[in-house]
Structures are given as C-alpha cells and as structure tokens.
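Below, each structure is written out as structure tokens.
Look for chain A in each of the two complexes below; its partner is chain B in the first and chain C in the second.
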Partner chain A sequence: MMFTEYAWLIPIIPLVAFLVIGFFGHRTPEGGGYIAVGAAGLAFVLSALVAYEVLTGRVTAPYVDQVLWLQISQGITLDFGLYLDNLAVLMMVFASLISTLIFIYSIGYMHDEGEKKRRYYTKVSLFLTAMLGLVMASNFLQMFIFWEIVGLCSYLLIGFWGFKHPKGEKASAAAASAAKKAFLVTRMGDVALLAGLFVLLNEFGTLNYAELFSAATLAAADSSAVALGSVLIFGGVIGKSAQFPLHDWLPDAMEGPTTVSALIHAATMVKAGVYLTARSFPLFVQSADVMLFVAIIGGVTAFYAATMALNNMNIKRVLAYSTLSQLGFMILALGAGGYVVATGVAGGVDVSGAKAFGYTAGVFHMMNHAFFKALLFLGAGSVIHAVGSEDMRQMGGLRKRMGITSITMLIGTLSIAGIPVFAGFWSKDFVLESVLVVAESSEPAAMIFLLLYLLALATAFMTAFYMFRLWFMTFCGEEGEASKHCHGESPPVMSYPLIALSVFAALSGFAILFGFNTTMTFQYVAGEFVVGGGGYAMLDVLEKIFTSPYAYLAIVIALLGIYAAYRMYYVRDLDPGRFNRDGQSALYQLLQRRYYFPQFYDGIALKMAYPAAMAVEEVDRKAVDGSVDGIANSLTGGSQMLRRIQTGFLQTYAAFVVGGVVVLIALIYIIGWITGGA
Partner chain B sequence: MTDMILSLVLFTPLVGAVLALAMAGDLAKYARYVALAFTALPLAVTLYLVTAFDASSGYQFVDQYAWIETSFLSIQYIVGLDGLSLIMVLLTNVLMFLVVLFSWEEKERPNFFFALLLGMQVGLLGVFMAMDYFLFFIFWEVALVPMYFLINIWGGPKRHYAAIKFFIYTHVSSLVMMIGIFALVIESAAVAGTGQLSFAFADVSAAAALFTQGFQVLVFGMLFFGFAVKMPIVPFHTWLPDAHVEAPTAGSVLLAGVMLKMGTYGIIRICLEVLPEGAVAWQVPMIVIALVAIVYGALACIAQRDLKKLVAFSSISHMGMVLLGIATLSDIGIAAGAFQMFAHGLITAVLFMVCGIAGHNVGTRQIPLLGGLAEKMPNYAAFMMIGFMASLGLPSLVGFVAEFNILVAFYNWGLSEGVVWTIIIALASLLLTAGYYLWAMQRSIFGPLTDKIDTSKVHDVSVYEGVSLAALCGLIALFGIFPALAWDFIFPYASDLAAVLEVFL
Partner chain C sequence: MIPIEMFLGLSAVLFAVGAYGVLTKKNGLVVLMCIEMMLNAANINFIAFAAFFNDVAGQVFVIMAISVAAAEVAVGIAILLNLYKTSGTTDLEEINILRW
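Presenting the complex of A and B:
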C-alpha cells in the first residue's frame, strides 16, 4: 500500500475538524481546540508519510490524480485533483507541522477567549484545509479556489477581534478595518491572477499543471501570451506574499491574534505566493524579462520593508516588516534562479539544478523562515500574553522573568540574522549567492543583479540590526512599565511549542546538506523541466559556502548589524536619537508613516472610487430617475394623475387588464383576417 | 406526447392560491400550512424531474393541448422543459418553498399574502415552461400582477409610488415585447406560407431560418428592449431599487431571485434562439450595455446607505454579468450566463432575507446606524457574510463558477475581436464589488456595537428564518463545490445554441 494514494485525505482531515468544531465545538473542552490539534497532527503524520514516499522515489513524482470537475466547452475541461511533487510535499509537511505546533500553543494563548474559541478553531481548521488544498492542487483554477479561501480565513482571523475586542471599541474598529484592507489589497493581486488564468486557458485550453509544464507545449505556444500570463500570475503573488506595491496590508494584519500572525501572516499563507512562483517556474522561465521583473520586485521589497522595521516600536509590526523583507528575499532568489534558467531556455542550453540554485535557495529560505518566523511571532505572543502590551518601550528586562521565551527567541533572532550555524544562515547565504551568480555572469542584466545583491546585503545588515534591537529592547536593560505586570513564563502548553520550533529554527538549515540540495532543485535538461535531481552534493555545498569570501562578507555584515544594535539598545552608549534628531528627521517620519502608503490607498478609495460612486448616485437620482418622474409628471399634468391612478387602483387595473385583453384579441383577429385573407 | 406531470407542477400552486385565498377570517393564520404544502409538492416533483431528465436531448415532459385552433390561428397549451428551463423551474420552486418558510410569521392578511406568492409561482413557472408565445405572454403578465399587490399592500412607506412605478415600467416593456412577439408570429406565418398564425415555439423556430436579416435586427431590438427593462439595464433600471426598498422581504426575494431572470431567460430563449442574425448584429451593443450595467450598478452600491438598496443595485450589476455572458454568443458564455441566473437567484435570496431581518429584527437598514451587530446576532452575521462572500464571487461558492466562466468567455471574445483590454472593466468591477460588500460588513456587523439605535431589543434570526437561510447557504456551497450538478443541464443546450449562432458570427 502506498500512502500517496490516500493523500487526498490530508486536506479532508482538517475539513472534518472544521465542520465538527463549527457545529459542536462549544460542547468540547477548549472550544474544540484539541480536535483542531488532533486533526492538524494527523494531517502532518500523513503528509510526512506521503513526503517520504515522494522524496525517496517510491512514488514517481509528480504524482497526478485528477477527476473532471466541469466541462466548460468542447474539449475544455476544468479538473480537480492532486499534483504531488517535491515542492508540494515539502509545503504540506511544514504547513501541517507548524499548524500543529501553533494550534497547541493556541490552547494556552486563546484560553481566556471564552465562547470565541470555537470560532477561532473553526477558522484555523478551515485555513489548514485550504492551505493544504492550495499546495496539493493539480491545476491553476483549483489552486486559485483555495488561494481565495486562505484569503478569506486571513480576513476572518484578522477581524477576529473586529467586534468585542478585549481592549475596547477602538481596537475593534481597527481590527475590522485591517481585515477589510487585507482582503481588498490582496484582491487587487487576485484579480490579476484571475486574468492570468484567462490568458492561459485561452492559449492552452487547460489549466492543468501536468499539461502546462511540458516544455514542448510551452515552446509551441505564443510566447507573448505565456509572458503575459506569467506576469499576471505574479500579480497574484505580489498581493498574497505582500510584495511592493501591494504590501501595506500585512503590517495592519497584525491586528489579529498573534497566533494568527504566526501561522497565516508569517509561516504559511504569505508563502503561498512564493510557492506559486516556484510552482509556475516552467511558465515564468519562458521569459527572462519576467524573471528579471520578479527579482526586482523581490529585491526592492526586501530592502524597502526592512527600512520600516528599523524604528518601529511595536514588537509585532517589526516582525511583520521583517516578514515582508524576508519574503522579498525568497522572491529575489527565485527571480535570480529563474533568470539563469530563462536564458538557458532561450539559448537552448541545459541548466542543471546547480546553476539555477536560486530556486533551491528561495524554497529553502521559505522553509527556514517558516520555522524561525513562527518561533519569533509565538515568542512575541508569549511576551504580549505576559505583559499585556505590544509596545517595546514598555518592555525590557524580561529575560529574567521569561527564561524559555527569551532563549528561544534569541535562537530565532540569531537564525534570521544569519549567524552560523543557525537555519537562516544557510538559506540567506544561498539567496545572496544565487543573486551574485547572475551579477558575476555575462548576462545583459548582470548590472541590475549586482545592484540587487547590494540591496540584499544592506537588507541583511538591517535585519540583524532590527532583530537584535527587538531582542535587546524586550529582554534586556531595565524593566519597562509593562514588564512589571509580567506574571512570569507562559504555561508549558505555550512554551513547549516554542522549544520545538527553536530546535527547527536552529537546525533546519542542515537540510541543505542532507537532501534538500538534491531534491528541491529545478532543472532544464534535454528540453524538459524537472523538479528534483541534480544540484550540489553535500561536500560541494560546504565548499561553496566556506571557501567563498562573500559568505564571510555576509557574516561580517550581520555581525556589524548586531554590534550596532548592541551599542544602541544594550550598552546604550550610542543614542539612536543622534541619527534621527530624536525622531524629528524627515527620514524617520517617512519610515514611521510607511512611506505614506496607507494614505495612498486611502487616496485611491476616498478620492477616486467614493466620489465616482457618489457621482453615479447623484446622476441616478437626479438625472435618470428625475427625468422619469419629470416625464411622468409633465405627461400627466403633475402628480395629480399618478395619485388618481393610485387611488382606486383596483378599478383602474381591472380596466387596464380588460382593455389589454380586448385589444389583444382584436389584434389577433384583425391580423388573422389579413393573413388569412391573403 | 402527453405527460401530465409538468402541468401538475404548474397548477398545484394555483390550487394552493385559491385555497389560501378562501381561508378568510380565523382560518387565515393557517394559510401558511397550505402554502407550505402547495409549494413543497411542486418542489418534490421538480426534484424527481431533475433526476429523470436526460440532458442530452431537448424538450422533455411535454404536455400539449390545442387551445384556439382555427384556419388562421393556432394557440396551444404546450409546456415542456429543456436544460435551460429545468434549472429555472428548479430555482423557482426552491425559492418559493423557502420564501414561504421565511415568511412563516407573517401577520398581516396572511391568506392573501400566501395566495399572492402562490399565484406568482404559477406565472413564473409558466414563463419558464411555456412552449407557445401566447402562453408565454399570458404567464408573463400573471407573474407580474401579484408582485404589484405585494409591494402595494405589504410594502414600506413609499409603497404606492414604488408599486405604480414597477407596474408602468413593466407594462411598457411588456407592450413592446408583445409587439415583437406578434411580429415574429406573423412573419413566420408569412414566410412559411401556411396562412395560419401559429404561436407555437416550434412553428416559429421552423420558419425562423427564412427571416431576413433586417427583420431579425429590428425585432431583436424590440424584444431585447422588452426583456432588458425587466433585467433591468441602465438607464431603465430605476424602478428596481424603489420596488426593492419598498417591497416586503418575500417580494424582494422573488423579484430579484426569479423575476429578473424572466428578462434574461427571454433574451436567450427568444432573441438568441429565434433571431441569431439579430443577435450577431446586436452583440456589441449588448456587451456595452452589460458593461455599463456592471460598473454603474457596482459604483451605485458604494454610495448607498440603505442595505437593501445596496443589494438592489448589486442585482443590476450581477444581472449585467448574465448579459455579458450571453452576449459573447459562445457556449461557455451562454452556459455561464444561465448558470449565473441560477447562482444569482440563490445568492440574492440570502441577501434580501438578510436585509429584511435587519429591517425587522434590528429596526433599521440604514448602514450608518448599524455597527457591531455580530456581537448580538452571531448567526445573522454569519449568514450575511456567506451571502456577501458568495455575491462577491468567493471561490467554492456558486457565484464564482458563474463569474469565472462568464469572464473566460468575455476574455476569449475580447481577444478574438482585438479589444482584449475590455476585460479590465469587468475585472475592475470585481474589485468594486468586494469593496462595497466588505465596507458594508465593516460598518454593519463589525466594529463597536452601535449606540445610534436602541439595541436592547435586537435579536438574532428566528428558527424559520434560520432554516431557510441555512438551506440556501447549503445550496450555494453545494453548487459551488459541485457546479456540474446544474451546469451539465445547461451546457448541452448552450452548446447547441452556440453552434447555431456561430454560423452567423
């Protein structure tokens, strides 16, 4: 028996939990929390078994199994099914694993939410279903369906406190507004993605991965249509993975519970865009320009978002900007790797996994980030839970009161900062190297990639700085106002998941030596696209990293960032106010105000859509409807006539009907007489 | 072939209507049981018909009697179902049954109220079943009359104005439509040379191949106008928001859920089927009209303060989607347009029920006065959200399937005509739609609980309301996840029709 044949059960398990908790959750302990944990855990076990079979070649990848969903035209069908390759199983495993850990943590974190707990576990179970469905889907339409459902769950969970917020009315309003914003901004991207599906469906007559990803099919297609489709699909990525310029919803999404931020807005859902980019590689690499565009968006977002984390005082917002920035890293790596493949495809040259390891780097960083960012968010949640504040100025000195939280978070911080041998070090180094490969090449866009490399280096510096700033401000120095309320370390149900995640955050980087290096690759060999195979051997990876001066450069840069944070926020002999005129400098304000992007969105809504709507309403009421009433009035000598028709309407109506029927019959006979006589 | 079963479905509600009407005085409060029984029976039979229907062939369950048969005139009673009419009959009977349930606690003249609902059902079913133009026209009129009374008697403060407006618009358009129908019948008699005016669909269709192009274009225009006012299209739409705002909930549900579809049904059934050359000539105007309705309706929604008026304008936008699909004259487009009729029927029923509940459980439908209702009315908030999400095209719910395929068809059309940029207009409307629904939810069910109205007496949905809403939401999800359940009835029909139209494209 092969577990893969039962892989379709994996999303069904949390779906059942969703229904059970939805209807009966309030009758079970913790509002169905244990059911959610059990379902997620079961999904993880089954995912791991399937992943084992796929990755070890017991099942030929991709494993495709689909049924007809809808026949929409002659020969054009929309299908529903599974497409399991190395990428899909990786996503399944870490999505279900992290979900399990976060659901366990939630039992502690959401303990005091009372009747709202059932709603919470219903929604997160639905989310897990949709997330698994998204990564297992066999075609773009099915992916899109789940893509929208995870978006819905995100909306619902950001707005979880959209009414009856424990902190009162203002917080309720903020949560409701943030939820709406998240939905609308990501929908802009989704609409582009939808248009991309139209382009593909028109060009290929199918949306199935198995058919679309054949190099022969793609080579025979209209290349401009494929490029257009790719760019539009990437539009969806920009929305979902919060890339510039559709990034601004993510910081606001922090209004949701911290567990939701960890699960949806750091570890899993926002990765869907990265996943989709990797998934669509065969399409995207048809055009080097598309891949260059992808890389630029990623690089710009990485840098841009990191700047906003530098001076933010809210612990969750800093992590949110950091997520944006790290997502930019992943997209950048995929763009760089894809660019190499694209030029290979254009020149008819084979590109093996080793040359195109931007793909590996992007996917690798996606996995590592899922672990360390989930850890950091849950750690932040543990702090917030204990001190009742999100403002880091009110924290400080928590190291003594919250031992486990502070140490696990330090591991996460070291990991994201890129300190050897923590997970983030390996994948961030790979990301930088993958960009550098293109920058050093003779490709026409080499200069652009050099710039992107420099942006990425600067980002690495900022990342180390702001993350250690966060850690020092929270855990070191004197106790802040809120710290004094701290009632000690969080309960084991919360701290154990932190410990588990910190193990992953520390060690998951070694995966690149033991399998990841040869399974999560994308090759273009002998005219075909292949996921898995090729790549670097373990020793080559080690050699590549530890003999490259650039790897040491990145380490030094990170250490410099940490040193700066150490001076400013630990030793405090360097006053950050010196650099920003105590928060009065224009640059400081620009960052605080998020480059005025919120105003920009509001401007679109309030200065364009709303006035247009009011104008339509005005036209409708005055011109269209007004003219109707006007004509009626002038024809009938004012409203007198209308009123007369209304009073005694039954009689009038009867007259209408009788008159109508008489006319009708008369007409019939007259016509009959004419035609009959003819 | 004579098969009484369809006539049974058609006239059961009529018997119910007469019975309910007769239950005056003390008996009036039991009229609802009659209504429930006499809507349940046609629904049950319809479900049987769905299982017995063979999607691969045309009209089925045909019941036929000669009515007026002279040397120069032939009017018959013929009813039958094909794929298109089947899903419309199914929609009508489902909604009727649930509306009766929803209105279970109607206190004002319940016997008359339920009699009108049942009477309307006869008219609506007749329109979708008729296979004779005369019959079609009669049922068309029969359906409209009860609506007038529903608005005029059970309506809001401006009900008289709204009712008369509804009546006048409807009748002017009916008149134009009637002239168009006569033109069809006379011309077909003329070209066939039989000398007998036959109103049967089959006879007109048989002669239709000989219609000149000029005739087709002219008559298409007349019929299209007649049907389009019913849909409605901009600028002949202003009767709709007024009628909805004033109508009682049951009336609104049926008006938007089924009655608007009479218009698009007529466009497919008569305009496209009989006048293919006219359809081709009118294609671009139809697409322009559809796009205007879609965007105009969506923009108007943003400006609305009355929840019900918002939903009414959203109907204009979504019916525009139906027309957009139909106007592509392709198999995907026609099937998706018809599917959208079905989908919109289910979804808009939820929306109007939700508006109605706001009216009587909260006391106001004015969005600025609402806020934070999810706290007091969690079930209500859930239904509203499902309805809104379905309406804005959330995948896995029925509206998405319709919208997706309509836009696929429209994209294909745009590409083949070299105006692919027009898809941007349609896509922008998706954003506007999401915008007004989410904004409305933010202001009505989320945020702090309103202090502008007295919320102490606010209560959640009642059992009857809840059951009918839950059933509708279940159907919305069912057909969203398994759209083939309805789509496979429509598609063979659409495919055949598109094949005919393609000759002239």
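Presenting the complex of A and C:
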C-alpha cells in the first residue's frame, strides 16, 4: 500500500476538525483545542509518510492525481487534484509539524480566552486545511482558491480581538483595523495574481502544473505573455509574502494573538508566496528580467525591513520586521538561482541543481526560518503571557525567572543571526553564496547582484544586531517594570513546544548535508525542468562553505552585530542614544515611522482613492439610484393624482355612467348621420 | 286618443328629473325616492306601449315591477335606517368610511 494514494486525506483531516470544532467545540474541553491538535498531528503523520515515499523515490515525482472539475468551451479545462513533488511534500511536512506544535502551545496560551477558544481553534483548523490544500494543489486555480482561504483566515485571526481586546477598546479597534489592512493590502497582490492566471489561461488553455511546466509547451508559447503572467503572479507573491512595497500590513498584523503571528505571519502563510515563486520557477525562468526583478525586490525588502527592526521597542514588531527581512532573503535567493537558470534556458545550456542552487538556498532558508521564527514568536508569546506587556523597555532580567524560554529563545536568536552549526547559518550562507555566484559571473546584471550581495551582508549584520538587542533587552540586565509581574516559567504545555522547536531550529540546518542538497534542487537538463536531482554532494557542500572566505566574512559580520548589541544592551558602556541624538535624529524618526509608508498609504487612500470613491458614490446615487427612484416616484405620483377620480361617492360614479351613456348615444347618432343610415 | 309621444315625453321628463335627483341630492331618502321616480318612468313606458300595441303582457310586467320595487324600497329604507343609527345622518357625503 502506498500512503501517497491517500494523500488527499491530509487536508480533509483538519477540515473535519474545523467542522467538528465549529459546531460542537464548546462542548469539548479547551474549546476543541485537543481536537485541533489531534487533527494537525494526524495530518503531520500522514504528510511525513507521503514525504518519505516521494523523497525516497518510492513514488515517481511529481505524483499527479486529478479529476476534471470544469470544462469551458474552446477546450479549456480546469482540474482539481494533487501535485506532489519534493517541494510540495516539504511544505506539507513543515506546515503540519509547526501547526501541531503551535496548536499544543495554544492550549496554554489561549487558556484564559473562555468562549472565544472555539472560534480560535475553528479558524486555525480551517487555516491548516487551506495551507495544506494550497501546497498540494495540482493547478494554479485550485492553488488560488486556497490562497484566498488562508488570506481569509489571516484576516479573521488578526482581528481575533477585534470585538473585545483584553487591553481595552483602543486595542480592539487597532486589531480590527490591522485585520482590514492585511486583507486589503494583500488583495492588491491577489488581483495581480488573478490577472496573471488569466494571462496564462489565455495563452495555454490550462492551468495544470503538469502541463504548464513542460519546457516544450513553454518554448512554443508567446514569451512576452509568459513573462507578463510571471510578473503578475509575482505581484501576488509581493502581497502574500509582504515584499516591498506591499509589506506594510505584516507589522500591523501583530495585533493578533502571538500564536497566530507565529503560525500564519511567520512560519506558514507568508511562506506561501515563496512557495509560489519556487513552484512557478519554470515560468519565471523563461525571462532573465523577471528573475532579476524578483531578486531586486527580495534584496531591497531584506535590507529595508531589517533597518526598521533596529530601533523598535515592541518585541513582536521586531520579530515582524525580521520576518519581512528573512522573506526578502528567500525571494532574493530564488531570484539569483532563477537568474542563472534563465540565462541557461536562453542560451540553451543545461543548468544543474549545483549551478542554480539559489532555488535550494531559498527553499532551505524557508524551512529553517519556519522553525526558528516560530520558535522566536512562541518564545515572545511566552514572555508576553508572563509579563503582560509587549514593550521591551519594560522587560529585562527575565532570564532568571523564565529559564526555558530564555534558553530556547537564545537558540532561535543564534540561529537567525547565522552562527555556525545552528540552522540559520547554513541557509543564510547559502543565500549569500547563491547571490555571489551571479555577482562573480560575467552576466550583464552581475553589478546589480553585487549590490544585492552587499545589501544582504548589511542585512546579516543588522539581523544579528537587532535579534541580540531583543534578547539582551528582554532577558538580561535590570528587571523592568513589567518583569516584576512575571509569575515564573510558562506551563509545560507551552514550554515543551518551545523545546521541540528549538531542537529543530538548532539542527534543521544539517538537512543540507543529508538529502536536502540533492532533493530540493531545480534543474534544466536536456530541455526539461526537473525538481530534485543534481546538486552538491555532502562533502562538496562542506568544502564550499568552509573554504570560502565569504562564508567567514558573513560569520565575522554576524559576530560584529552581536558584539555591537552586547556593548549597547548588555554591558551598556556604549549608549545607543549617542548614534541617534536620543531618538531625535531624522534617521531614527524615519525608521520609527516606517519610512512614512503608513502615511503614504493613507495619503493615497485619502487624497486619491477617497475622492474617487466619493465620485463613484455620487454617480451611483444620482444617476443609477436617481433613475430607478425617478421611475418609481413618477409612478406613485401619477397614481396619487389618478386616485382622485375614485371619490368614493356613488353619485359621482353614477354621474360617470350617465355621462357615458349620453356620450354613447350621441356617438351612435353621429355615426348614423355620417354613414347616412337610419 | 292621446298620442303615444305624449306618454313617452312624460316618461322621459320623469326619468330625467329622477336621474338629476339621484346625481345631485345629498339626502339618502330623497335619492331613494328619485330612484323610484326613474322606475315609474319606465313603468309608464310599459303601460303606454301595452295600450298602443293592445298587448297585456306590458301591464303584467308593470305589476311585477311594482311589487319588486316595493320589496326593494323596504330593503333600501332598512339600510338607510341602519345607516342613520350608526352614523347619525342620512347625508351621503358624510357617509365616507370606505373612501380613500
């Protein structure tokens, strides 16, 4: 028996949990929390079994199983089914694993929410269903449907406290507004994505991955249509993965519960964009310019978001900016790797996974980041749960009170900072290396990639700095105001998931030595696109990393960042106020105000969109409603006048009858006189 | 012998007076009386033609019509009486509860 044949059950399990919790959750302990955990766990086990079969080649990848869903004229058909390759099973495994751990953690974190727990577990179960459906989909349309459902879940969960926030009216208004913002901003990207799908459907008559990703089909297609479709699809990625310039919703999304931030806005949903880029690689690599665009967006986002994390005082916001920055890293790596493949495709050269390991680097960083960022968010949630504040200035000295949280968070911090052996080191080094490969080549865009490499190095420095700043401010030094409220370590139901995630955050990097290097690759060989195969052997990876001076440069830069944070926030002999005139400098304010992006959005919304909406409303009210109302009013007005005829007096009616008879008789006489008869 | 035109003329005048009364009078009782007048104008026509054509069927019809009219007046006056009891008036313009 092959478990892969039952892969369709994987999204069904959380779907059943969604329905059961939705209807009966309030009758079960913890508002259905255990059901959600059980369903996620089951989905994980099945995903792991399927992944084992796919990755070991027991099932030929891609495993495609689809049924006809819709048939539209002109031979356009839309299918519904599964497309399982190495990338999909990887996403399934880590999405369900992290969901399971976060659901367990939620039982502790959401314990005090009372009635609202059922709503929470219903939504997260639906989210897991949609996320699994998204990665397993066999075509772009099916993917898009689930893509929208995860967006809906994101909206619902950000606004979880939109009705009644434990911290009062203002916080609940902020949550509701953040939810709307997330929904609307990502919608802008989704419109582009949908347009991209239309372009592809128009060009190919199908949206099935299996048919689209054939090199022969793509070569026969109009290359400008494919490039246009790719760019539009990447527009959806920019929205969902919060890339510049649609990044601004993600920091605001932190208004939701911390578990939601960990699950949706760090580990899984925002990865959907990265996944889609990796999934659409065969389309994207048709044009080197598209890939260059992808890389530039990624590099700019990585740098730009990291700067905003430098001086933020909110522990969750720092992590949010960090997420943005790391997502930029993944997109940058995919863009760099894709650029190599794209030039190979254009030149008719075979490109093996080893040459284009930006794909490997991006996907690898996506997995590692899911682990360490989920860990960091859950650690932050544990701290917030204990001290009741998100302001790092009020924390400090928590190391003694919260042993497990501080150590697990230190592991996450070391990992994201890129200290050797920890997961983040491997993938970050791979990302940098993949950009450097293009920068050192003789490609026309080499200069741009060199610039992106420098941006990425600067980002690595800032990442190490702000993450250790966060850790020192929270766990070391004097006890802050809020720290005094701390009632010790979080319960085991919260700390065990932290420990489990910290193991992954520390060790998942070794995957690159044991299998990841050859399975998560993208190749263009003998005129076909292949996921998996090729890539570096284990020893080559080690040799490449530890003999390259650039790898040591990255380590030194990370250590410098940590040292700067150590001096400023641990020893405190270097006052950070010296660099920003105590928070008065223009740069500091610029970062605090997020480069004035929210104002920019508001400006667009208020100055341009609002008058336009008013004008449309005016037209609607005056012209459309006016004509409809006009017809109705003229009818009622006319009948108001006509009803005066009906006086209700019998005598009036009788008068009409008599008058009518007189007129008739007169007519008969007149007609008789005219016709000359009697 | 009186020519038939005289009878027809009398009948027409009687009918017109009756119709005028029905259309203009406000008192319900007067309206009822005017209706009787129009009915009798028709009866005169019947009698006149019966005599003119030497046919008694017209006279029979008139006796029939008079008896029906008697019953009709009884009903009409009963309605008027009840109206007077409930609304305190026989003025047709005052009786307008079913009017818009």
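The rule is simple: the second predicted complex is superposed on the first by the 614 of 678 C-alpha atoms of A that agree within 3 Å, B and C clash if a C-alpha of one lies under 4 Å from a C-alpha of the other, contacts with A are read in each partner's own complex, and residues count from 1 in each chain.
We take it that contacts are C-beta pairs under 8 Å (C-beta built on N, C-alpha and C of every residue); 3 or more make two chains touch, one makes a residue touch a chain.
In this text, all values refer to a predicted model and were calculated from it rather than measured experimentally.
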item: Chain B versus chain C as contact partner of A:614, first or second or both or neither; value: first
item: Touching partner for A:442 - first (chain B), second (chain C), both, neither; value: neither
item: Chain B versus chain C as contact partner of A:584, first or second or both or neither; value: neither
item: Contacts of A:547 with chain B and chain C, given as first, second, both or neither; value: neither
item: First, second, both or neither for A:628, with chain B first and chain C second; value: first
item: More chain A residues in contact - chain B or chain C; value: B
item: Overlap of the chain B and chain C footprints on chain A, listed as residue numbers; value: 646, 649
item: Chain A partner contacts - residues on chain B that touch it in the complex; value: 70-73, 148, 152, 160-161, 164-165, 168, 171, 178, 182, 186, 189-190, 195-197, 234-235, 237-238, 296, 299-304, 330-332, 335-336, 372, 374-375, 389, 394-396, 400-401, 404-405, 407-408, 411-412, 415, 423, 427-428, 430-432, 434-435, 438-439, 441-442, 445-449, 483-484, 487-488, 491, 495
item: Chain A-facing residues of chain C, complex; value: 19, 22-24, 31, 92-93, 96, 98-100
item: Of chain A, residues touching chain C in the complex; value: 643, 646-651, 654-655, 658
item: Residues on chain A engaged by chain B in the complex (per definition of touch); value: 68-74, 76, 141, 144-149, 152, 159, 162-164, 169-170, 172-173, 175-177, 179-180, 183-184, 187-188, 191, 194-195, 198-199, 201-202, 605, 609-610, 612-614, 616-617, 620, 624-625, 628, 632, 642, 645-646, 649, 653, 656, 664, 667-668, 671-673, 675-676, 678
